[in-house]
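To keep things clear, I will list the structure first and then write my remarks on it.
Chain nomenclature is as follows: A, B, C and D, assigned in order of appearance, with residue numbering initiated at 1 for each chain independently.
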Amino acid sequence: MTAPKLRLATVWLGGCSGCHMSLLDLDEWLIELAARVELVFSPIADTKRFPESVDLALVEGAIANEEHLALITLVRRRSRVLLSLGDCAVTGNVTALRNPLGTAASILQQIYVDHGDPRGHVPTGSAIVPALLDRVLPVHAVVPVDCFLPGCPPPAPRIRAVLEALLAGEPPPATPEMIRFG
Amino acid sequence: MDRTELHAIAERELASRAPVRIHCCMAAGCQATGAAELRSRLDTALAEAGLAGRAEVVPVGCLSLCGHGPLVSIVPDGPLYASVRPDDAPAIVAALQGAPCAVRQVDRNAPFFARQRPVVLRASGSFDPERIEEYIAVGGYQALATVLHDLSPAEVIEQITRSGLRGRGGAGYPTGLKWATVAKSAAPPGDGPRKFVVCNGDEGDPGAFMDRSILESNPHLVLEGMAIAAYAVGASQGYLYVRGEYPLAIQRLTKAISQARKYGLLGAQIFESGFDFRVEIRVGAGAFVCGEETALIASIEGRRGQPRPRPPYPAESGLWGCPTLINNVETFANVAPIIQHGPEWFAAIGTATSKGTKVFALTGNVRNTGLIEVPMGMTLREIVEELGGGTPDGSPVKAVQTGGPSGGCIPAARFDTPVDYESLAAAGSIMGSGGMVVMDATTNMVEIARYYMEFCRDESCGKCIPCRVGTVQMHRLLSGIASGHGSAADLAQLEQLSQLLRETSLCGLGQSAPNPVLSTLHYFRDEYEACLAASKDPG
Amino acid sequence: MVSPSAAAPAQRDRGAPPADNRLKIVEATMKRHQYRPDALIEVLHKAQELYGHLSPELLALVARRLHLPPSRVYGVATFYHFFSLAPQGEHTCTVCLGTACYVKGAATLLAALEAASGLRAGTTSADGRLSLLTARCLGACGIAPAVVLDGTVVGHAAVEPLVERLRALLNPAGA
Amino acid sequence: MAAKTLTIDGTLVSAREGESILEAAREAGITIPTLCHLDGLSEVGACRLCLVELTGSRRLQPACLTPVAEGMEVRTSTERLREHRRAIVELLFAERGHVCAVCVASGACELQDLAARLGVTHVRYDYLAPACTVDISHPRFGIDHHRCVLCTRCVRACDEVEGVHTWDVAGRGTAARVITDLHVPWGQATSCTSCGKCLHACPTGAIFQRGSSVAELKRDPGVIALVVAARKERW
């Protein structure tokens, strides 16, 4: 009898999806991975709702809007181990470059009016785009995070090293080679 | 100038005095409540009453009870008037001739006065600090004369060592030992003065005004102490660094230096000895960190007041790389009395490890606000409750803060702590320069910790990373907790940063910046936890 | 404020304007210190006392005369809180935020003054009439809370009388 | 000059009198992290990364400024020191805007290296995210204050090696900024000789060559020590 498959989720918040691309760069190892995990939630899977009882959640991206905030709270509640994957999740990174510019309202004003069309206006009213938070935050500033893998994006071999350790129930390697911002 | 001449000046001065003196306090506190106008009204009232010659109005230094100024004292043996309005002048003058007087009087036998032991402040409030003759009349410059005539530099240092005097700036380093180090340190070759004496008058602790008061009330006492120190360590040039916030002190010191020079008490060949000593004033420009001695040196050199790691200590390599003695105002003010009355007399005051007296600025929520000088070893309870008279509305005192942003808050339960260097440190605070702020139940201790951290954040020079950024982070955490947005994790981080700043900051500012946090966490943790319990963002 | 560079040509005229004298005093201060670089802070004190603030022209002049790199003069001038590189208001109101004043309500006092003046602490009104400032500790703790209005210390300061005095200062006619 | 024998992390090390612990350790192959130190420049002891434990001393001492002494026992990498160093590096990352992903110095940055070596996987503190300026008024160089760590290596290189003192620090605390001349745009700083020593001295991507893109920065911090050494040879 084989061990039950580990329930894996990958989450895409305020980021460019580069970390997910890097994950896909694992090429044939993904087939090996598929044999050991069940992908229960991911932008590359079809599920729309974040399921219960997730063993490992890989989170790409920073917390930049209301939707991210709601999702990460749910992810945290339903996941045993949460990994911040890549610089946006770990530091805010490029997504957080807007922080020095001020609050969400002030930034929208600058983008749409001041530096855009002086006769324009800030789009309001529709519920299509989630409201921006005043400050972009790294994931651990919002919910507790169990491990961190920086990099923009983290190269595929580093993602693999972390996953292999976590699948084996060990702490991920913390050698200098594993830590590289940017 | 020699000793005979000094005595002659003193006698002339005493002979010229009117039999009755109306001492009108002209220290900064009383000036701010109308002392200048009062003084001129007293002069007018005296003239109108035809008492000129029989009585005189004398502007004097601090009369101690600053919170109830303007203060007027009738000498000899007359009453002490408090909260005097200019309109009270005629009544005070009339009282000299026996008329009943309704002006508020203060009992000189009250504990606030009776329990003080003035050494440094002995002559404050009894003469006009702007006239050197008055200082000479109360025995001024006699210690310097004695030293130059009768003692070798080594003997002076030996006397200071025997007295047990320790630095009054806060850390309590033995003064005699510091002097001996500077005396022994070889001056580098070069032209001009190669050893220096610096008086640290950059009294930066908020809630402290001992040095201001001493400099305003008795500037010559400090100059005399500096001159004796210079003789002892072999320096010929001194700098007196005074806060820019103290214009009156600067003005009086400037006057005092020029008067002393005129009499040959400063300058070349003092008391016709081979000893030369010149003093220059350097005015601080608003940087708390300049109280740290290496930052002070940088500032005197005209640089950004940034500290540098020690060793080497200034005693070996200070101003322009030369051996430099740096003592605080009150330390220098203790020197002449020690020489005059002997080290044994001094050592008999105080405790086994902390000799002499300490001047405190007693402020905050306390009935008797003012400047006090008490023997070391008096308990906080005696100071706050007996001298201070408790809180104005009689409610219980909650804590007393000593040592400013580098110190801590001691709760009422620990008020049996005696004021000496070791006991205050054991209670989680420091002696500091002498600020003592009384707090009652209305004071929120988390808020006080936040207040001090804001101070340190704004005063951090920015040179070393732990202090520069750590104070910002600690202030954010404290603001969050105080405003009901804190978590248990924030509290843990606060403690982690406290440890970091203590152990890794470059200078005393950063190393001691966590003290108000740690002492309030220690004694008033319940107040932090109450903030967390009320938190809107439980972690 | 007349900048030193603007004042310099006037030096040659007879019946020189006050600005000319100010420059002479700055020069005399530097001379008294034998143009020693360590006199920098003393010289900046004097210059600020005369001009109210330290303009770039003034700083450049001091740097040249004391043989100091301009960046060092600028570094010193911006390190110390006393020095101001921007002109101060005609009137200044400085609230002491020392501990003694703080436990006696200085923060409330400051908030009331901010509300009454419409200024944030540390700023000057657009018309240049008033600067609302804070001090670390004036050492006037005995009469806390203390406020300095145009150089005069006000002890035991209370909100309403202070706001009144501020109004009177700004509208001497009682307008 | 007399030799001194001391122990560093349990290893017996022989050092020249007057040498710093940092130098002695390096010769013995023991790396102590630094940031404000640069070979050829004076020491300021400001970054506090090279703090070490000395037997018999309660205080931690900066290795860069502490001379070796006979019989000294030095510990350079205890858990306490490693934790403090991580915290200091994290404080720096939180102070301004260090975004390695878009930085010219990525791959050649001492701050980035420190994070990796010290095991800084994330920053515990709030990012302060101040709005900083970028000055590209100089024809060859630029400075992005988001990336400045206030190590003052540029200030010292300019003053001590080039000898013109174009750079200094203005303001204080976390509001301090390196400036050129009277805080004029760099391109208008008449004292600047455009020698580029500040560029070589900068540990991060704060000072950069114009026109270089992400991870393209070319510089050689060793140049400063070379110039200083070469200057001692007079003809």
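Remarks
Here is the rule we go by: a residue touches a chain if its C-beta (ideal position, glycine included) is under 8 Å from a C-beta of that chain, and two chains touch if they have at least 3 such contacts.
Predicted, not measured: the structure shown is a model, and the values here were computed from it.
Note on interfaces C-D and B-D: more C-beta pairs are in contact across B-D.
With centres defined as mean CA coordinates, chain D is found 37 Å away from chain C. In terms of their C-alpha centroids, the spacing between chain A and chain C amounts to 52 Å.
Centre-to-centre separation of chain B and chain D, using mean CA positions: 40 Å. Separating the CA-averaged centres of chain A and chain B is a span of 58 Å. Within chain D, residues 126, 169, 171-172 each touch two or more of the remaining chains. Multi-chain contact residues, meaning those touching two or more other chains, do not occur anywhere in chain A. Each of the following residues of chain C touches two or more other chains: 72, 75, 79. Pairwise, the chains that make contact are A-D, B-C, B-D, C-D. Chain B meets chain C in the complex at residues 28-29, 31-33, 66-67, 69, 203-209, 212, 243-246, 282-288, 299-306, 361, 363-365, 369-371, 401, 404, 435, 437-439, 443, 448, 451-452, 455, 459, 461. Taken together, the chain C residues at the contact with chain B in this complex read 36-42, 44-45, 72, 75-76, 79-83, 97-104, 135-144, 146, 152-156.
Within the complex formed with chain D, the chain B residues making contact are 287, 304, 308-309, 457-466, 468-473, 476, 493, 496-497, 500, 503-506. On the side of chain D, the complex with chain B involves touching residues 44-48, 51, 59-60, 62, 65, 80, 84, 87-88, 91-92, 94-95, 124-126, 128, 149-150, 169, 171-176. If you check the complex, the residues on chain A that touch chain D are 84, 87, 90-94, 96-97, 99-101, 135, 138, 140-141, 145, 147-150, 152, 174, 176-177, 179-182.
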